[in-house]
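Order as written gives the chain letters A, B, C, D, E and F; numbering starts at 1 within each chain.
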Amino acid sequence: MEHSKYGDDFNVGDIYTTAAITVTETHVVNWAGLTMDFYPLHMDKEYAAKTPFGERLVHGPLIFALAVGLVGSAGFAGDSAIAWLGADDMRMLAPVKIGDTVTVKVEVIDKQPTSKPERGIQVWRYTVKNQRDEDVMVFDYKMMFHMRG
Amino acid sequence: MEHSKYGDDFNVGDIYTTAAITVTETHVVNWAGLTMDFYPLHMDKEYAAKTPFGERLVHGPLIFALAVGLVGSAGFAGDSAIAWLGADDMRMLAPVKIGDTVTVKVEVIDKQPTSKPERGIQVWRYTVKNQRDEDVMVFDYKMMFHMRG
Amino acid sequence: MEHSKYGDDFNVGDIYTTAAITVTETHVVNWAGLTMDFYPLHMDKEYAAKTPFGERLVHGPLIFALAVGLVGSAGFAGDSAIAWLGADDMRMLAPVKIGDTVTVKVEVIDKQPTSKPERGIQVWRYTVKNQRDEDVMVFDYKMMFHMRG
Amino acid sequence: MEHSKYGDDFNVGDIYTTAAITVTETHVVNWAGLTMDFYPLHMDKEYAAKTPFGERLVHGPLIFALAVGLVGSAGFAGDSAIAWLGADDMRMLAPVKIGDTVTVKVEVIDKQPTSKPERGIQVWRYTVKNQRDEDVMVFDYKMMFHMRG
Amino acid sequence: MEHSKYGDDFNVGDIYTTAAITVTETHVVNWAGLTMDFYPLHMDKEYAAKTPFGERLVHGPLIFALAVGLVGSAGFAGDSAIAWLGADDMRMLAPVKIGDTVTVKVEVIDKQPTSKPERGIQVWRYTVKNQRDEDVMVFDYKMMFHMRG
Amino acid sequence: MEHSKYGDDFNVGDIYTTAAITVTETHVVNWAGLTMDFYPLHMDKEYAAKTPFGERLVHGPLIFALAVGLVGSAGFAGDSAIAWLGADDMRMLAPVKIGDTVTVKVEVIDKQPTSKPERGIQVWRYTVKNQRDEDVMVFDYKMMFHMRG
């Protein structure tokens, strides 16, 4: 199988930015139902109103998932990725509220060969920003790529 | 606000196990739609049949999200958690296929005070297992808890 | 507001039958997410395999909800209903499995006036049947109707 | 199979309360789609504005379903329930509007043995309340439980 | 199989009108996820605010799909339709915004026999209107019907 | 606002192909719920088994919607499209069954200027193919594009 892109096409320091998406109440309710996370800070307006946040917050892992989707949809990597290996140093940096709009800045931060020349490992840092250009989440996403070998 | 549990109630070495859930085709299709991740390995049976996996795989981040939901639903922590701080050392250890059933083993691995006596930080290791008791994902989940102070 | 039908158009003993719908795994997973009912008999294939049923069952309240929807979609009552008052004597009569197809037989079993001549109360008995014509659920559905007065 | 709880653990007069959930427009639209109930009082803002309610109402059976889910999620019963037998005396007591937040008070009101000592029947009264502590729905939920025998 | 209605029951010039539905943010987000159309004009509040429309618009094909559903739900055609053949001259006439309410006016505009007397082809013109009675979409919907023959 | 692509970048005769997606039972059930189209040929296994098709078919308009989404996700047009104007000559050419995998071949078939030099109209022919390379649907999709002017 020929690939549209290869890990060789990405270099440490490369930066990409994605489209943005508004995180709606629908995202939050559908997320809760799909992932079984009905914590009242996300689902109970009355409870949330009494917290320091004053209103329902978006689930943190939903921000992670949307970041992965925004980067995938942007198509930077074509079909060069073989598998997702994991993530490191994931941190919520600021709360996301219903109606906020998020986008992702991606930076290639590491490239490593494997024992097979046609496979390489890379780490891409995903920084999620809101509509005020504030960083709301950051994590390092580790993937196995097809290499031209 | 009085809490049903406090971070004080958890100690390094404590182990909990959750209920299990079967990851269905519906989970995969709804996840793709919610998170915008339509990578063909998850969504295209014909493509997946030609990969070494031979069939569509479940999105890795969905396993992370289900693990978070299974632990939350188990109610171990009551309403003692204030906020999710992040995750470390997340690794996919084995592919999950449509129809597999996953459960989570949780171990408290770290407890730290903060500058405020009524708040503490803990790290819980989540190990996700399938119906053959194989580890499919592991990650360290970091949370801020209410402490009795 | 003129109405397409009135409670006057229904008489004790009238019988209606609806279209049918196959209850899919998607119905069960979406229902669980929307209503927060992840009981393992519905969601965990491994658990369900060890019960006397041998496989996952459809949530009973989902059968109730589908019955209400099938009757509403059939349009027997036009826009003559003002409000749903409640239900009585709801009983699960047989388990429903994923892939079963259900339909509803409706019988008008009671009609009562109210203190206002333009409003009446009726009770309709809904009997839900599967594709083998077995009764799987029955309940008496109580509604307030517009009357010609 | 050992159970985490048994019917023996519940006594007439016991009272439990659940978490709460805000009923959003997403709940209403997803409910309509899943259950085929598109009655204009729930789905058509223009129609609803002309009714005495003045705005779209939440489907009554959705309140029933959320109550079942809130009680199940609360985990009072562990895995002691074998099957749902039915419900009695279900009544809508007040309309629920989009954005209202509901919680459930549960009271054990009846316990009966069966011909098998390891199985018992119980009736729990579910009273659904909104954020103003008004009762919006009540019903008696009948279940078969594992008994220690 | 006997049919509740036949193509013979419809004549050129017949006009039907459907119920209405409010197009919510939930419709838009669920549509995007199901159909993979995350164009920022529909999904990104910040982007949409800078366009001449000033806010997010509803996906045009969703209006087509809702029109098909509103006509089907209205039940004019009973089970007389065998298959959907296609559509012609579909035009968006005005933007639809989140919160608008749409209804459909249907006019039978063409009837043709086929080589088989028990099958006929008809074209029905669907005109979708909003709550201000403005035409927002029009298309000609072509179906094969059962004929009495 | 600068655009990533312009209508000028597309010429009559240009051909593009998209990724593919498997149309699952989940797509069909979610589509029915979102668009209110519960026609038994799509939703009732027992009914469908008695038709010449022998099993449930995928809703035709869902194929249209997926085609629009596959082309949008492919990103050929960047953000050059201003608005969707409509579609012509849409025809179902073959039934699509649950589990079929569809992809789209796009051909630019017409380009027209408008009275404003910075706007142009184009017609793209979308041919939807299944996993056996059979054409299942075709339609001409008409869009307004940003032109370099």
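Everything that follows uses one rule, which is that contacts are C-beta pairs under 8 Å (C-beta built on N, C-alpha and C of every residue); 3 or more make two chains touch, one makes a residue touch a chain.
Every value quoted in this text rests on a predicted model; they were computed, and no experiment measured them.
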Centroid comparison with chain E (C-alpha atoms), farthest chain: B
Rotation in the CA alignment of chain A with chain C, degrees, nearest 5: 180
Same vs different contact residues, chain D with chain E, by half of numbers used: different
Contact-pair overlap exceeding half with C-F, pair selected from C-D, A-C or B-C: B-C
From chain D, the most remote chain by mean C-alpha position: F
Approximate Å spacing (C-alpha centroids) for the pair chain C, chain E: 28
CA centroid of chain A to CA centroid of chain B, Å: 16
Averaged-CA centre spacing for the pair chain F and chain B, given as whole angstrom: 37
Sequence positions of chain E contacting 2 or more other chains: 21, 25-27, 30, 34, 36, 38, 40, 73
Interface residues, chain B side, partner chain A - complex: 1, 21, 27, 30-31, 34-40, 50, 60-62, 64-66, 68-70, 72-73, 79, 81, 83-92, 139
Residues of chain C touching chain A in the complex: 30, 32-34, 36, 38
Residue ranges of chain C in contact with chain F within the complex: 19-22, 24-27, 30, 73, 99, 101, 131
Chain C to chain B touching residues, read off their complex: 25-26, 29-30, 33, 38, 40, 43-47, 56
